[in-house]
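Structures are listed in the sections that come next.
Note that chain A is present in both complexes that follow, paired respectively with chain B and with chain C.
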Partner chain A sequence: MDTTPDGAAPPEAPATAAEPSSNPPPQAPADPKNVQSTEADTAPKLSPAELKKRKQAEKQAKRAQAKSSVPQTPAQQKGPLAKEGQKQQKDSKNAKADLSKPFPVRRRPSQGNTPVVKEVKVELKKDKQDRGLFFGHLYNQPRQHSMVGASKDVNPAILALGLQYSNYIICGSTARMVAMLLAFKTVIEQYHTPVGTSLARHLTAHHLNPQIDYLRSCRPLSISMGNAIRWLKDLIIKIDPDVPEDEAKRDLQENIDYFIRDRVTLADDIITSATAQKINSGDVIMTYASSSVVEKTLIRAHQKGIDFSVIVIDSKPLFEGKQLARKLANHGIRVKYLLITGAAHAIKEASKVFLGAHAMMSNGRLYSRIGTALVAMLASSNGLPVIVLCESVKFTERVALDSIVGNEAAPAEEILSEAERRALLPLKPYLHTSLLPKDDTKDTPAKGNGEVLEWVDNSDNFQMLQLLYDVTPANYINMVITEYGSLPPSSVPVVHRLSTHV
Partner chain B sequence: MAPSSVIVAPGLSSFLKSLKTTPVEPSVEHFISLLKRRQIRNSRPCAIATTALLLRVVSEFKGRDATKLVNRIRDVGKRLTAAQPREVVVGNIVRRVLGLVREVVEENQDGETNATSDVGHGQGGLAHHDSLSRPQLHSSISTFSPLRHAAAEPMDSSFHYSENMSDSGELSRRPPLLTSHTSYAPASAAPLVNSLFGLFTQPDTPSNASTPTGHQSPDRGALTALNLERLADTAKSNIDLKAEVLDGIRELQDELEQSDDLIAQNALDHIHNNEIILTHTASTSVQKFLLAAAKKRKFTILHTETCPHDHTATHGVLLTGRKGEAQATDVGETWKPLIAAGIQVYLIPDSHVFAIMSRVNKVILATHTVLANGGLVAAAGARMIAQAAKDHQTPVVVVSGVYKLSPVYPFDIDELIEYGDVGKVVPYEDGDFVEKVDVENPLYDYVPADLVDLYITNL
Partner chain C sequence: MHPKRKNTLYKCVWRPVIANPLPAFDVVATYRSILASDPELTMPVAAIESLVEAIAHSNVSTVAETLRLLDDMTTILKNSIPNPISLSAGTDLFQRYLITTLNRPASLHMGPSDDFRAIRNHLLSNGRLFVERAKASREKIASFGKHFIRDGATILTNGGSRVVGALLRRAAESSTMRFRVIYVLSSSASSDAREGQQIVADLRAHNVPVATIPDSAVAYSLGKVDMVIVGAEGVVENGGIISRLGTYQLGLLAKSKGKPFYVVSESHKFVRLFPLSQFDLPIEQKVLDFKTSDGEKKGDAREKQGPEDEGVADMNGKVAGSKCSGNRPEDAVDFTPPNLISGIITESGVLTPSAVSEELIKIWF
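On to the complex of A and B.
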């Protein structure tokens, strides 16, 4: 699923390359860029500790800024924003005041409304998860939410990006890939080949890999990111050692821009125009969560003057559909919004189902935001066409039979939102003794909502599970629309071969 | 308005408390307003409250005229069902009580009924019954609604009851029963109706324990309103009609109380060791069922949240065995949580159902009502769970008290579905969103009969 990272621009996004595709509103790149470019220039001179501090502040400011800037209409945004961006680093209080508004940035539901600086600590996860039923393997790798322990080789741009990943500020397979490529451009720009090595050898193995490892530690790489990395490394290795470094670097940066243009911007354009033709007047399109291609398609069809309405189905944990519904409604499309429990109702009114993809597997299965499979199942049992919109960059040679073997686990405590924890607090007197804190003597009432999580932690038997993706069987999918045309899901491997061996 | 509505948090417990001190008529009004305001909701609380109310209605009833009593109960029943037609259970209970009255009367008639009911068995009798007993519903439900039929159709509960106390040897008497059922259910539903109502032939319900089983007229099942009219005359005999009906209602109350435990007795027959079971909502019946199994077996529960309308209760039940503070005072709502019984419980969001279903051995669903065609109305999300289970060939077991079986046929599913507070999906603070986007929050799902493999009841 790919959604525009609202307001949170990829670091150092140059205006030319940023325009394509799933990208921030035009004015958004302006301020992060200001903040960041100064950052990037001075960064190498700072000691690691200072760097850390700055990053932390920056991250906060960015987050706050994303929050405060997004709900405003574009008209409002123009003036104050440029200044705001710089100001915010100093007074984040100002930003906090703005936070009372709802803001559409996707983020972890467990985060409070106040951007508290999270205690920087490596998560000491109990090995409770290992005893997990059949998903213990998904918790193998602890999630990183800070920059502590990052290798010193990691470029500041990548550090910032990693945090945006782990906080779901940049979310969605396409958006993550584009943001990563743009960050890599910065990395390449600042790269100098050490004496005695060649760019082709040193850049991939010794410089790019630490960056990738860091990104992976923040959030597992998406399929599209993997594809892009493979392409980039391939490109670098093939660089003739005789080419001067400057020229090689320029070439690489240009190629990255071309890649984004060809594989994302143009691909999206072809897909949206092809799909928009499939929408007839009077159609009721159902979609799940949020996909940037689906969003563009619907808006495009609406602008063509087709009269249709949209049902957005949404679910925990990220509530991405909310942003989609909001954007569509702002464009004047009739939108209905339900949570996944109501999907069986809504499906009766729908006439077509459009789904976004995280990846298309080679066995024709769709790997997408968890819950997609349910919507596809309901649609196919109701005889509705299920259409997947997916750029070929998200195709993979990997296969998947179920959603358990390969998946990404989200931190389980996010399942209980702040409000839900608050609702549980009054139940404390009835709590089973095994859940109460072991040191019951010092009862600190100030713990607040976090206490509920302690109950869960204390319990040996109670666990929460939260995955991010599921696999939709191919037989639920009627059509996959890519920039290569519309195909049945069984043609995925063919397209993948086509797109990788051109 | 009832004087007791002053109580801070109105609900089942406050209603039951006030029932003792308030006169009948205000109590009825009180209950109606509670139903309308959804302060008493869900099958169990509704059933308990209705029984308690009817107990009081009957005990306050003056006179010995059976017809008048029947009319009185029916009148109250009509008002209750009109107040909240989607709580089908209210109608079910009213029907049970009506059947009870008829039964009591009939038992005291012996030979006389033999003669009259033969007449009543014919076409004319049926027609008469229809015109007599079909209720006038003053609700938003359309004339053709199944709910209308369900509102206060007194006849079939008398069937239930008479079947209830009969032996399985009486199965031969089923045909007349079915013909009268098909008077409001299409013929296609007949086999299912048959299998569902066959439940009532099991004689070991607690409510039967003290019901005399001997001495039945062969045509008891066809007791009609025709002979009811005669009852008016005959029932003036010296039997203590009221006392017997009251006893019957108390038995009904016992049955309601015990139904979950009786269902739970079957648990060990259905759950084996190391099973992975998926369930949803904070249902008392299901939790007790699983707890009973947990005494002997170790298994794993995957519990979906049923967001947005039941997730808080679900969390509460899983952690503490209580559905939340609001209901903490309600009767019989607490038990040891499953985790305390040593059962591994995994809480999963609703969207995970399909992803996880390939690893699930069994799906256990709670229900709101079971309909005449074997389908059920259950908490939202049940439909997709059942469908996912079907697609993975996972058996779906529905746990339901008999009081939830209703003669309602789902002609129009949408009429059975209640929509809830939209603010739970998107908070109203997000005014911009709520204004532009049409947000919906259906509370129930209709699950077709073919998605369900097994019903477990308290009989």
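On to the complex of A and C.
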């Protein structure tokens, strides 16, 4: 989505434009203001069909531009006109051609346009991002929920994976990274170097990047995924051009397997065995949400015959703790499940706190599921040791000072559960009429429970902010257990250096 | 090591009986006699020295054999004394050193054709070099640490740490500094107290005014104190220290009064251990002993794992020889967390507590 804000330039970015993906992190967008405005109207809330149309329109525009057959009037770049133009694109190809050009650039006050329903919606979104409550920059990444509009280069395995990401079926930074690497194995297997190029150059830049971009459009990449991608690209680039393609591909696939084995499977094994030793009988372990390595640790300790119990604290947005509590209980561990509202009460019984991580920052801070910081601070103020379990592949050289600059905002429609939507439905009669969806709305999924979201979307003074992560300051963390041993959080950069350069 | 390894593996095949290498060699006795013979020696160094002796007395001829011998000896040593924390710092370090050198024979300037015995001899001489260096480190620490003492300062210290003693002595010898010392001395006749009295007498002979106070007077005297210097039995991974019982409360009090709290310790006392709390130490201490009048014990889970040890044996070579009961609180140790420590003065420089883990990682990876 690199369309320049310059109205005269042809908008040529397809839905999955190739961005430089050498630093894929979900956080820290370069220039929120700029990117945000352009992407705001291109991306969100477009049905697949519309996306397709848009792309066609852009192509047309390019062609038209080449011929320079249609002169541009300043009026056409004005907002309302452009909007109407876009509405007409269904009938007139020519109109589409030039009118789509200014489309990504403009910003309009939302009130003036009420008659044109669909466009109003788009604008409202954009304005909301302007208000944004400091979080506008987190919305610059359009979320993709379907395979439509994906580049044709994207491998079916990646398409499927992307859907699993965006639906939170594959969730958790380790699981996402492993799934991605396995899908990349398929991609590499099916890859053939075109004539006249070398595998080392073509595979990364032209074949892998579209896959990565598609995955990123489904959900921002996790730190571990970024690390794995960097590792893989580094590996590919270093392939000797003389190596036959088959051999190179086999090597790559083998290396991916080794990577998963060394950095995840074995690392988890070391971490769980080290952590299980920290559990004494009689302990009450508190954990927050769900982490695969915490789960393995607790099960392992239980199988060792240590008598302990677990308190699982859980919260919106994903309620991952439910899964963890169920699995632990199925293993015969005594489990208490509480929402975060009860954490202050439950902490009095706990003796240790185990936390999973999305990433460990170089300033020793923990970047993890939103709510983690709360639990860590609570534990710290109660004098409990806070132990983070984290594979070194999740370490990053970046630092985080707060939870605002780098974070992931989940769109409301992904997060609101069916039950919650149903609960909100009876409120409909009390809604202000301007918030009610108009009848000519064409979005089919908006019917039924999805309707609720439209109220949210339509309201101009209400925004649903759903962040997925928060940052826990280092002084609330006593210990980080990695496959390199136990460390204080201040040693994260040392281990990161070690794990990337050895 | 690849060419070599093949070689050694081969040797293993036709000499597999060395599972129990020379039982005649008593590593514990050697360890104790080494400690007793040189009062300047610390536990980790004595442990390393006795391990070197063990290897010298054995006829190991392969890498695997050497490592197994080392393992056996280390286990015997650790089991023989009540508080192996300090000792394990030395044995771990030596083991690590052995593994890295054995895996890289090239670093010893030897070809693959060289006999393993040559490697072994090299190891032995290097091991002795290590011991020499470790002994010299105390003087180096003293020369670093004396700059922390300003003219007119009052220093609070405790225990019978010989490094602290060396540091204060060195400072006293310099003619430009006048300073006073408040020495926390327990009244008991423990080895630690004896060592402490020795240092006090020594300092007084050097014209340094010394006041001795009991543990209970620490908070009282803290107002007169400019800085606290303590020794350590082990420096753990998070930068905290394991030291004589009472050091933790000294640290807490110093922190609450905003007095800088420095630890002096040789870097061979860095130990790969990460205690989360006082009761997370890998030793048995019987400090907490809940009793009622009818003698029946009532305690919580903590009391059971309450540790026992010969805490400060490190500070005094003779203690290791006189096997102590381990029940006495004056021989116990406690854990001072890193947030109470301003700096750790080692022979390789002055570290912040968080740098300890970095140093340890450097050694281990």
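Keep this in mind: the second predicted complex is superposed on the first by the 340 of 502 C-alpha atoms of A that agree within 3 Å, B and C clash if a C-alpha of one lies under 4 Å from a C-alpha of the other, contacts with A are read in each partner's own complex, and residues count from 1 in each chain.
What we mean here is this: a residue touches a chain if its C-beta (ideal position, glycine included) is under 8 Å from a C-beta of that chain, and two chains touch if they have at least 3 such contacts.
Source: prediction; values computed, not measured.
More chain A residues lie in contact with B than with the other chain of the pair chain B and chain C.
Looking at the shared chain after the overlay, A:E420 reaches chain B, while chain C stays out of its contact range. Legend: residue contacts after superposition of the two complexes on their common chain; A:N478 is shown touching chain C, with no touch to chain B.
In the superposition on chain A, A:G342 makes contact with chain B only, not with chain C. When the two complexes are overlaid on their common chain A, residue A:K322 makes contact with chain B while staying clear of chain C. Touch criterion met: A:L487 reaches chain C, while chain B stays clear of it. Looking at the shared chain after the overlay, A:R201 reaches neither chain B nor chain C. Once the two complexes are overlaid on the shared chain, A:L378 sits against chain B while remaining clear of chain C. Shared contact residues of chain A with chain B and chain C: none. Across the interface of their complex, chain C is touched by residues 278, 280-282, 352, 385, 387, 475, 478-479, 484-488, 490-491, 494-495, 498, 502 of chain A. Chain contact summary for the complex, chain B toward chain A: residues 276, 300, 302, 305-309, 311-312, 315-316, 318-322, 324-325, 328, 334, 336-340, 342-356, 358-359, 379-381, 383-384, 387-388, 391, 417, 425-426, 429-430, 432-433, 436-442, 445. Interface residues of chain A, counted against chain B in their complex, comprise 102, 133-134, 312, 315-317, 322, 325-326, 329-330, 334-346, 370-371, 373-374, 377-378, 381, 402-404, 407, 415-416, 420, 423-424, 426-427, 430-432, 434-435, 455-456, 459-467, 469-472.
Note for the complex: chain C touches chain A at residues 237-239, 272, 274, 276-277, 280, 301, 305, 338-339, 353-354, 357-358, 361, 364-365.
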